[in-house]
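Shown below is the structure under consideration.
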Amino acid sequence: MIDVGIIGGSGYTGAELIRLLSGHPEAEIKVVTSRRFEGKKVSEVHTHLKSITGLVYEGVETSKVAEVSDIVFTAVPHGTTSEYVPELIESGVSVVDLSADYRLKPEEYERVYSRKADKRDAVYGLCELHPEVFEAKLVANPGCYPTGAVLAVAPLVDNGTIESIVFDSKSGITGSGADPTATSHYPTLAENIIPYKMTTHRHKAEIVQELGRLGNARISFTPHVIPAMRGILTTAHVFVKENLTSVEIESIYQDFYEDKPFIRLGAIPTLHSVRGSNFCDIGFEVEEDSDRIVVVSTIDNLIKGASGQAIQNMNLLFGLDERTGLFNAGLSP
Amino acid sequence: MIDVGIIGGSGYTGAELIRLLSGHPEAEIKVVTSRRFEGKKVSEVHTHLKSITGLVYEGVETSKVAEVSDIVFTAVPHGTTSEYVPELIESGVSVVDLSADYRLKPEEYERVYSRKADKRDAVYGLCELHPEVFEAKLVANPGCYPTGAVLAVAPLVDNGTIESIVFDSKSGITGSGADPTATSHYPTLAENIIPYKMTTHRHKAEIVQELGRLGNARISFTPHVIPAMRGILTTAHVFVKENLTSVEIESIYQDFYEDKPFIRLGAIPTLHSVRGSNFCDIGFEVEEDSDRIVVVSTIDNLIKGASGQAIQNMNLLFGLDERTGLFNAGLSP
Amino acid sequence: MIDVGIIGGSGYTGAELIRLLSGHPEAEIKVVTSRRFEGKKVSEVHTHLKSITGLVYEGVETSKVAEVSDIVFTAVPHGTTSEYVPELIESGVSVVDLSADYRLKPEEYERVYSRKADKRDAVYGLCELHPEVFEAKLVANPGCYPTGAVLAVAPLVDNGTIESIVFDSKSGITGSGADPTATSHYPTLAENIIPYKMTTHRHKAEIVQELGRLGNARISFTPHVIPAMRGILTTAHVFVKENLTSVEIESIYQDFYEDKPFIRLGAIPTLHSVRGSNFCDIGFEVEEDSDRIVVVSTIDNLIKGASGQAIQNMNLLFGLDERTGLFNAGLSP
Amino acid sequence: MIDVGIIGGSGYTGAELIRLLSGHPEAEIKVVTSRRFEGKKVSEVHTHLKSITGLVYEGVETSKVAEVSDIVFTAVPHGTTSEYVPELIESGVSVVDLSADYRLKPEEYERVYSRKADKRDAVYGLCELHPEVFEAKLVANPGCYPTGAVLAVAPLVDNGTIESIVFDSKSGITGSGADPTATSHYPTLAENIIPYKMTTHRHKAEIVQELGRLGNARISFTPHVIPAMRGILTTAHVFVKENLTSVEIESIYQDFYEDKPFIRLGAIPTLHSVRGSNFCDIGFEVEEDSDRIVVVSTIDNLIKGASGQAIQNMNLLFGLDERTGLFNAGLSP
């Protein structure tokens, strides 16, 4: 049994970690912390977890968390991990950090986030592309947009045939967290779609870094919020150097994602096929008489885009089948 | 031309007053105040009003507002009207107050709202039941729930045949205002329905007062918020002393609402027939072998339930046809 | 291992049976039929089930289904079960029928559905009230509205203190099935709420029958469709003969639902606490100076209101813990 | 007074024509036809129009429509206009056709729609780009996607600096009409976003034709349906040959759209600023250190994208100010 600690367990990703780990046959949550809800039952804050977990939010120190845990998930805002991660790592526990703090190369992190990087080594936990996760001590769990975007086109970039890609991404609003904001206000978002940070979203740096490891391609990225709770659909407008047939592309994807149980290739997916699951569904269409291929990927931003992927990383870190506790169908409709 | 002032014009009801008055042939807004947005263009805060109004929010004193206005709409939170209404009335301008402060008899107000009442005389501005609005100086614009509930059953209560009524009301979230809250958070409200203040909502006192003027009936009231921006649908479960046929009921309603242009009788309505309009649609069904009649009414909570009704009151106060500037179809779908 | 057959497995309840049984440790689906999709993979019709099930819809005869199954779920429209159920029962397999055909006493069925009843004995499968399910051969799986309504008030009716109840129910649209209709058209339902069959819904007969077994109470029932995919929230306006305190009511509910793992008592629930789960959440509020108690229950209409409850019945029929394969948290938000 | 006929008035665009013309001071609807609803009141089919119009759907012949009309709006499916338009034109009435049949050059129409073109001369009624509308007899009212896409980038294409454009468009579901379909089924669309005809949508031909009149640019176009009733948001990823500053771009747009009352330039718009209005809102952001500009436009697909623009064309045809009867704010929220 893997003993798990969760630091910052009151938000949406924390609640998903608790929900998913409650059904995990090889892991047990030993402690979950929250400053805001210290002393409250998890199931009072997240009522769907009633009868499922008897956990109570604690306000304990990092050292105490380290003591009772084999692995700790840190689900705190970027820039605040330095309060926890170094001490945890030094205590010898494994860490999967769900913030952005360890995802980029230090110099790139400092440029993009305008704050000092902790230069500790971490593995970028997009498991399908980073088999070396299994031997990491610190895993940087990927951002939600990069997960959908990178998985959508990695086989083609790796194949060396891409000239440029325009990622036009559409996300459910849970990506911005559990606290009410002007954008998450129902009368603002319902019956609407809201482009934001159209040329400046920080997740672009992750996409560029990860695709850059595979090949060259010019990357553009623009996100939107749609009236949905969960899910990211990424429309990748891919421009190729030389034309590929549908059959060739299919074979490129199948080879690349062989033995990757959470990648499902097929018809153009929508959010409904993945909501509530750890799957990433991918489909594509080749434009006739054109150098454009449109690739669409969908994920559940809170699962494959956050907590599910974090647990997938934990599975790999501890030598388990990556599917353990995660290989369930989503909820549709 | 009627010169209009609006105090507290930055919220949803303020924006609706501005939108509706922009198309009113006999009224002109002279001043609109907002402490929060002083100096900002109305159309920067409410972007749908761009090119429609050049008004700028002002932070001026009540006396200045009174000076340039024939009528003032006060759209401020209940309990804060005492800063404005007495001075306005004393300056001789007419006032339509959209808060709850003048809707109830003073002693009832003090019981329900636990604060001191201003004992000034006001007319309850549910125009269909209060023809005396035309000679008022101060109109208390009705609450959104009471507008839908009272109009739904007034003819039957007036007819003397009702034993008891259970009002089960469902409202869009704009009823709770433009500021984000835990309930208005999209991930909370989407795909949900939320009962609240199930036995304690203050609007019950208005319903009891207004129906009590017409006859005796035992009143129960429970509100819910639904995933919709606008609209209130009220399901009135009416229990009668002696059975009435559909034909009799239809005739009771037609007589009662003769010459009331904003009441439309017919099939069971939904929010879509009234959204964006000042209409109140009413339909009913008589249960076979039972003393129950189910009456359903729908209104747009921001129009007939707030700003539209306020303008309807203004029309009557100034001797205009009550339809002036208001008699347009809603937006559907 | 329990061998399972599903007749009529292409709709929403069929898909939920397949999804839930895929994760059930003691059951295995041997055959699933669909006339419309014969020969198609289940995962082509319900794409969220890709990689989860390799089943293919078959068009085989009832006798063949009976041959390979210990239990058969019939998920076909009411009035068509006679094609399947009698033959299945005679073959000696257990049947859980998800239609309305065996829920009512035959004479009542004939009155309400205007068609001939099959007079075969069946147990009404609301497990919390019918412990005798364990020895049934034919279980009539309850309707979605009755499940929410009956569970909400059964303890109070059983207690003998109720005078009358007005059930005002609000359902997600999946209750009306997977085929597009005028009501399920997005522009009709979004931003709306639609009352229907306000005094004539057939589910009332089930509610009356089941509560009538426990005590006397006058029942009214009116359903509405809300803009939500899943879930039923039932607002029960309960009028009592003599007043009860909150403490007394709590104790009545706790006693009645002791050892019922899928009933969760507590704060007023919403759809979000149960969506995706087999739980029924119940909360109440006592009106001051009044004989009214408002009880609210929520269920997922496709799970506790259909397929989950069907599996709960299967568990009981086969001597398993009723939680087997079902005791997971829902998906929220 | 302009006498108006509407052929095919029962769908969403028909209902919007009726709603908007009911408030038009210089036009009067003389006849509206519908085969399906012949003999029914318009307000029975579109209940929000009750008390607003007393019109009854008629099944009369084209010649009768021509007789009583100065102008006829044909709102029938593409490919069926030949039943009406030639006869109307020959009768001497003006026609605004809302189908696709006259939008493209005949040879292009035949290629794209695989049917014979009526080679009659028509003006493409995107008024902001086609001032010659005022002297047309037959106006081809633009498609909804092309309206949003072309208006978004016309000034830049006209300026000669564009290399290529990727249009990623997101539309409300009313664009696909009033009849329920698998895609418009609420459980399919809610909490979802659905890409479709990603490389093959016929509206691309209109976009290419209209932008081609202004300059050279490589065009890609991919549409999506979002969970919204109304509105199209177009994200135009524009790649330029040489960089432009924000100030330069602003000035290019302001010059191009000077005196175009329905174009509003400013901050990045959303659907909420235009829903219910005839405005097209446009905003942009220049990516730093890049040749990409992201331009966003929003329209109400049923108004500026269909019926409102049709009336704007009528206004111009009859020498009225193009704003007549159309210059109102939308409904927000």
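Should a chain be cited, it is by its letter among A, B, C and D, assigned in written order, with residues numbered from 1 in that chain.
Please note the rule applied: contacts are C-beta pairs under 8 Å (C-beta built on N, C-alpha and C of every residue); 3 or more make two chains touch, one makes a residue touch a chain.
None of these values were measured; they are calculated from a predicted model.
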{"item": "Higher-contact pair (C-beta pairs counted), A-D versus C-D", "value": "A-D"}
{"item": "Per Cα centroids, the chain farthest from chain C", "value": "D"}
{"item": "Gap in Å, rounded to a whole number, between the CA centres of chain D and chain C", "value": "46"}
{"item": "Length of the line joining the C-alpha centres of chain A and chain D, rounded to whole Å", "value": "39"}
{"item": "Chain D, residues touching no fewer than two other chains", "value": "12, 174, 187, 190-191, 227-230, 272, 275, 333"}
{"item": "Residues of chain C that touch chain A when the two form their complex", "value": "12, 15, 19, 22-23, 46-52, 174, 190-191, 229-230, 261, 264, 266-267, 269, 272-277, 279, 281, 327-333"}
{"item": "In the complex, chain A residues that touch chain D", "value": "166, 168, 170, 172, 187-188, 190-196, 198-200, 220, 222, 224, 226-231, 233, 235, 237, 268, 270-272, 275, 285-288, 290, 292, 294, 296, 333"}
{"item": "Residues of chain B defined as touching chain A within the complex", "value": "12, 173-174, 178-182, 184-187, 189-191, 227-229"}
